[in-house]
Amino acid sequence: MKRGVVVTHIGRADPREVAALQQAGAATVHEAQSRLGLLASYMRPIYSGAAIAGSAITVLVPPSDNWMLHVAVEQCRAGDVLVVAPTSPCEDGYFGELLATSLAARGVRGLIIDAGCRDVRVLKEMNFPVWSKAVSAQGTVKETLGSVNVPVACAQQIVHPGDVIVADDDGVVVVPLATVSRVAEAAQARLAKEEKTHSVLASGTLGLDYYGMRDKLSEKGLRYVGSIEEA
Amino acid sequence: MKRGVVVTHIGRADPREVAALQQAGAATVHEAQSRLGLLASYMRPIYSGAAIAGSAITVLVPPSDNWMLHVAVEQCRAGDVLVVAPTSPCEDGYFGELLATSLAARGVRGLIIDAGCRDVRVLKEMNFPVWSKAVSAQGTVKETLGSVNVPVACAQQIVHPGDVIVADDDGVVVVPLATVSRVAEAAQARLAKEEKTHSVLASGTLGLDYYGMRDKLSEKGLRYVGSIEEA
Amino acid sequence: MKRGVVVTHIGRADPREVAALQQAGAATVHEAQSRLGLLASYMRPIYSGAAIAGSAITVLVPPSDNWMLHVAVEQCRAGDVLVVAPTSPCEDGYFGELLATSLAARGVRGLIIDAGCRDVRVLKEMNFPVWSKAVSAQGTVKETLGSVNVPVACAQQIVHPGDVIVADDDGVVVVPLATVSRVAEAAQARLAKEEKTHSVLASGTLGLDYYGMRDKLSEKGLRYVGSIEEA
Amino acid sequence: MKRGVVVTHIGRADPREVAALQQAGAATVHEAQSRLGLLASYMRPIYSGAAIAGSAITVLVPPSDNWMLHVAVEQCRAGDVLVVAPTSPCEDGYFGELLATSLAARGVRGLIIDAGCRDVRVLKEMNFPVWSKAVSAQGTVKETLGSVNVPVACAQQIVHPGDVIVADDDGVVVVPLATVSRVAEAAQARLAKEEKTHSVLASGTLGLDYYGMRDKLSEKGLRYVGSIEEA
Amino acid sequence: MKRGVVVTHIGRADPREVAALQQAGAATVHEAQSRLGLLASYMRPIYSGAAIAGSAITVLVPPSDNWMLHVAVEQCRAGDVLVVAPTSPCEDGYFGELLATSLAARGVRGLIIDAGCRDVRVLKEMNFPVWSKAVSAQGTVKETLGSVNVPVACAQQIVHPGDVIVADDDGVVVVPLATVSRVAEAAQARLAKEEKTHSVLASGTLGLDYYGMRDKLSEKGLRYVGSIEEA
Amino acid sequence: MKRGVVVTHIGRADPREVAALQQAGAATVHEAQSRLGLLASYMRPIYSGAAIAGSAITVLVPPSDNWMLHVAVEQCRAGDVLVVAPTSPCEDGYFGELLATSLAARGVRGLIIDAGCRDVRVLKEMNFPVWSKAVSAQGTVKETLGSVNVPVACAQQIVHPGDVIVADDDGVVVVPLATVSRVAEAAQARLAKEEKTHSVLASGTLGLDYYGMRDKLSEKGLRYVGSIEEA
């Protein structure tokens, strides 16, 4: 929570583990880390179908001022994801085609912004995915400093630089750098288990039976009655 | 409004009338029943283009707890639509790929949930439509009972088990079971009338003339002036 | 802000300038007029990809009453855009297939409505674009007068009849009639400049260097540190 | 969900049981009926400190049309509470000083309205409490029928005529008529228990000990560490 | 909609008519001008009980930038009301104790701001009323120009400089300068009529009878039935 | 972001500096730390007039589950402030009279909760202040672990255990423990300066002159015109 600071060296996760998290997707990763780290559900993709994972470059920005985004570009490497949080709530369009062009030129995988973005048709054509709080043509000024690569509170979660972001149509999850390896493994294990469960349920077996829920439900007092009058 | 009850026998509408309602669509059905029964407009489809109608299996669920969805699956038959209402407002992701697999295996046509769902990309691939208040990767627990097939208040409308749900890109309408026959007929009559009106208007005839509105407008005091200064 | 008035003669912009504004798009036009005139970001297109510009025919409507839309149709010419503002906030579905058929028959380019619309699947098939606050199957009555071609406050901006509306996936911008020529020129100039900037940034040149930001940032006190501990 | 119907005879609860529910208050009553029946938290009192309970007279109203409120007044008796639900979401001011004067003259205890009210300063002076979704000076028309004393979905709960409404600064709870006796008893029992717990906790005894939570927490895996680094 | 302009001469209404509007209050004035001119209901007073009317000094402000408020102070006279509209939605705290001190020193009656204000405890102690969209401690910068005394769209209504603002616990209404005299008279007439109606209704006479509604209701098809089963 | 952890030893600020921050208030403290650290403006006090500062005891809670609040009580000392953040958005009533009784018995100064609370009339009588996102009678379960005294994202800001919370009618600000001394001093300096400015402005001197803004405004292009036509 310092203004006017750019941290130039950050840790990044092993690309194979990032790939494993991306494959698992936001919902499975969220489950795999005990249902922690999900950004608020108002963070929606500007187009459907995108699915990414990458190391967070974080940016703290003043309201209606996107100056620090230009500073942040230089700190990005291939495989990174830009994560932008305003110091006070704002839905203006901090980000558009030109910044996306710069990020794409550096191999950045996408943008997570707890504010607005614009040029959404072009971003879709560029295949540059954005998860944002709003779409807004409202531009911003370049007057006040923020910071790059400091911890930020983005859409109700803490994101540290270097944490791994997993984003798809279900939303955005942050995985702390120190736990990436463990979470990636757990997510892959869940995937395998879900696949098996999927085929059982597809065959018509009830979850009630497959998960063995009937006894516990009965114990809690669940009653089956023929009609509402008997309830 | 009872907890811990599953009602196993409910009435269902005639499939031909359900089909007639589906063909008419949500907006026309809503008009055909005197503009009653529309769920709140925050209920949006997770992908566009789906249009269904079917008999409601209702589920009352605690906040952040999807246990009763597993119980409800067993009560569903081909042609049904699952209708889920939380006892207090919640946007968590109660529903995803595995539950959809179970429902699809039983021929259920879709889900209406006044809360969140997840795995939306897969649900679209499965062609399993959902109308929900939110998309959220946030999972839920399985600790507290709710009920199945009791009347629920879902997105500002009362839904009884067996009522017919009509849902498409315009929203979700509930038709009480006792009135399905009458509403289906009225909806078909409206469709026919709208088709005729459509061709008249497409030819350039003004609604002002076709509907004969000019006299009543004049009577209410409508004035035509050349410029705002004359107003 | 008068009720019961229809103004029949309004100014309209030069079609070539309207075309120039359409080509520039909402975000660029907004920048070109000093970041003024953007409608609230809750105004979203009912389908993505549409991009229009045209002269505003304005309609002031009572809550839940779409009578004046029928009156407004007659005032529309080819190239116009209908702009609808309720006198008190409302999300009901004022507009659907039949009104769109009438407008399309007159060459109207689209609808901007600070309320709800319906029949969205059909509107998409008709290629008739709408930017609205909500999608709602809820119909409206025809009992109370409003006005046509008076100034309205629509989604947080003032729109006068004859002003040019520019709308695309980024939102909706209003350009006052008297400034259309100047704004169109400025927008074209921005487009040319953005194109050039685009190719520079695409080559990997940093905005920090291209825009010459480093000195001003340093002057404001921006510091680069190796790690957060040094901050 | 019928339009144009006024039901003139409804059941009402025993006044002593209504009084017992009022004394317990919304939060305790909600607990006493298994956490069911709470209206959405956007229903707020127009002034703080009011606390009522009474039999529901329900009113289904069209958007922006308060005609049925005038019809409903006649159906009210001393001790009743008016419960108003619009057929589609609306925040207009359906209710003000004059209707409150009529209701007060009949001994009605208050209003629950899933829409707007006005004249709030006068209502406070009259000591006529209202729980509403909004305060709005926007008036309504008298053109379209609704119904009186039919079941309504009000702020996400089903209310039947004659159900008991309990409302205070914590919100609004509905108790189904058939369960009033049982819930009133359970609420009184909770009150007694809470009073005892209150004095234990006030003396400094920890809830962890008083409720005997330590074992279950430990079993679930709760760990105490000296510093975050040990976590 | 021009930036960088301060209009120094504006018309103002007759103080006696302003006083008459203040006495009538927002709800009655709104009725008296055909239910037009009500600002959005999210505009709430920071404390209850204040009731003002005065001539609007309008201020168009950039997002998160309150520079123009300082410019506007100089244009204010005793009896004025400051009306502030941001060019894009913003909830930051543009206004607090110091600006209020300046305005109070000039006899300004209050502030209407479609954004945030702060120092609300002190403003209440000063008896300086504010109607705002939000309360927020977030300060703003002083970098970008807006305008003073140009027409603005504030909370969904157009306000011209010199228009009369009427604000109380029910909300905020704008009365166009040219119609002040007529509206003030109509509002006083309504007040007299409401007073008479009040005493009739207080005596227990039903509105159904006093307003003579029964025939029209019957004609529209309203039916009275003994029980819901007969409906 | 770990589940199931209670950190028992945390740093706390010097009580004199906490007192200095409390005296300065949220708005001044926010300015004094470069406009950083303000919680979202939806965090509102349940009654007006309270003003506190204290050391944060942080609690991470599952949605609709308040078990960890009972655990957190034991970690509180006199002068602390409880700060509660749910792992996913929730407005249920986690907190009421009984927990407040326990906290009050330990000398805790208040509660900051990014969710709901209840028993608000009693809390006001107890003089136990709460800043919350909602008031809701909806109770919660005790089934799932969270954590105590880990960093949390609360209402869009990061709060570490031991950070100082400053809360009053303007909102809630967090001051990082390491900077408390510096911020307290800066806040006191601002207070002194504001006091002086206050008396200058109260005397009628314009801010334009006192702050010396006229030159910079003119340089940016501000023009004064007699009427809007000259603009």
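We call the chains A, B, C, D, E and F, going by the order they appear; numbering starts again at 1 in every chain.
Definition applied: a contact is a pair of C-beta atoms (placed from the backbone, for glycine too) under 8 Å apart; a residue touches a chain by one contact, two chains touch by 3 or more.
These figures come from a predicted structure and were not determined experimentally.
K.L.:
In this assembly, which chains make contact with chain B and also with chain F?
P.N.:
A, D
K.L.:
Can you give me the shortest step count from chain A to chain E, moving only between touching chains?
P.N.:
Counted as steps through touching chains, the separation is 1.
K.L.:
Identify the chains in contact with chain B as well as chain E, in label order.
P.N.:
A chain counts here if it touches both chain B and chain E, which gives A, C, D, F.
K.L.:
Which chain has its C-alpha centroid farthest away from the centroid of chain C?
P.N.:
Checked the centroid distances; the maximum from chain C is D.
K.L.:
Same or different: at the chain A/chain F interface, is the fraction of residue numbers used by both copies above or below half?
P.N.:
Over half of the interface numbering overlaps between copies: same.
K.L.:
Using CA atom averages as chain centres, what separation in Å is found between chain D and chain E?
P.N.:
Computed value for the inter-centroid distance: 30 Å.
K.L.:
CA centre of chain C versus CA centre of chain F: separation in Å?
P.N.:
38
K.L.:
So what's the Cα centroid distance for chain C and chain E, whole Å?
P.N.:
Result: the chain centres lie 27 Å from each other.
K.L.:
So which bits of chain A are touching at least two other chains?
P.N.:
Within chain A, the residues that touch at least two other chains are 35, 38, 41, 62, 88-89, 91, 136, 138, 144, 151.
K.L.:
Which chain pairs here would you call touching?
P.N.:
Once each pair is checked, the touching ones are A-B, A-C, A-E, A-F, B-C, B-D, B-F, C-D, C-E, D-E, D-F, E-F.
K.L.:
Could you pull out which chain A residues touch chain B in their complex?
P.N.:
It comes out as residues 26-27, 30-31, 35, 38, 41, 44, 48-49, 51, 168-171, 173, 194, 197-198, 201-204, 206-208, 211, 213, 217, 220-228, 231.
K.L.:
Mind pulling up the chain B residues that touch chain D in the complex?
P.N.:
Interface residues on chain B, with respect to chain D: 1, 3, 34-38, 40-41, 62, 85, 87-89, 114, 151-153, 156-158, 176.
K.L.:
With touch defined as at the start, can you tell me which chain A residues reach chain E in the complex?
P.N.:
Residues of chain A touching chain E: 62-65, 88-92, 136, 138, 141, 143-144.
K.L.:
Please name which positions on chain A make contact with chain C in the complex.
P.N.:
Touch list, chain A to chain C: 2, 4-9, 47, 67, 70-71, 73-74, 91, 93, 96-99, 101-102, 104-106, 116, 118-121, 124, 134-139, 142, 144-145, 147, 149-151, 161.
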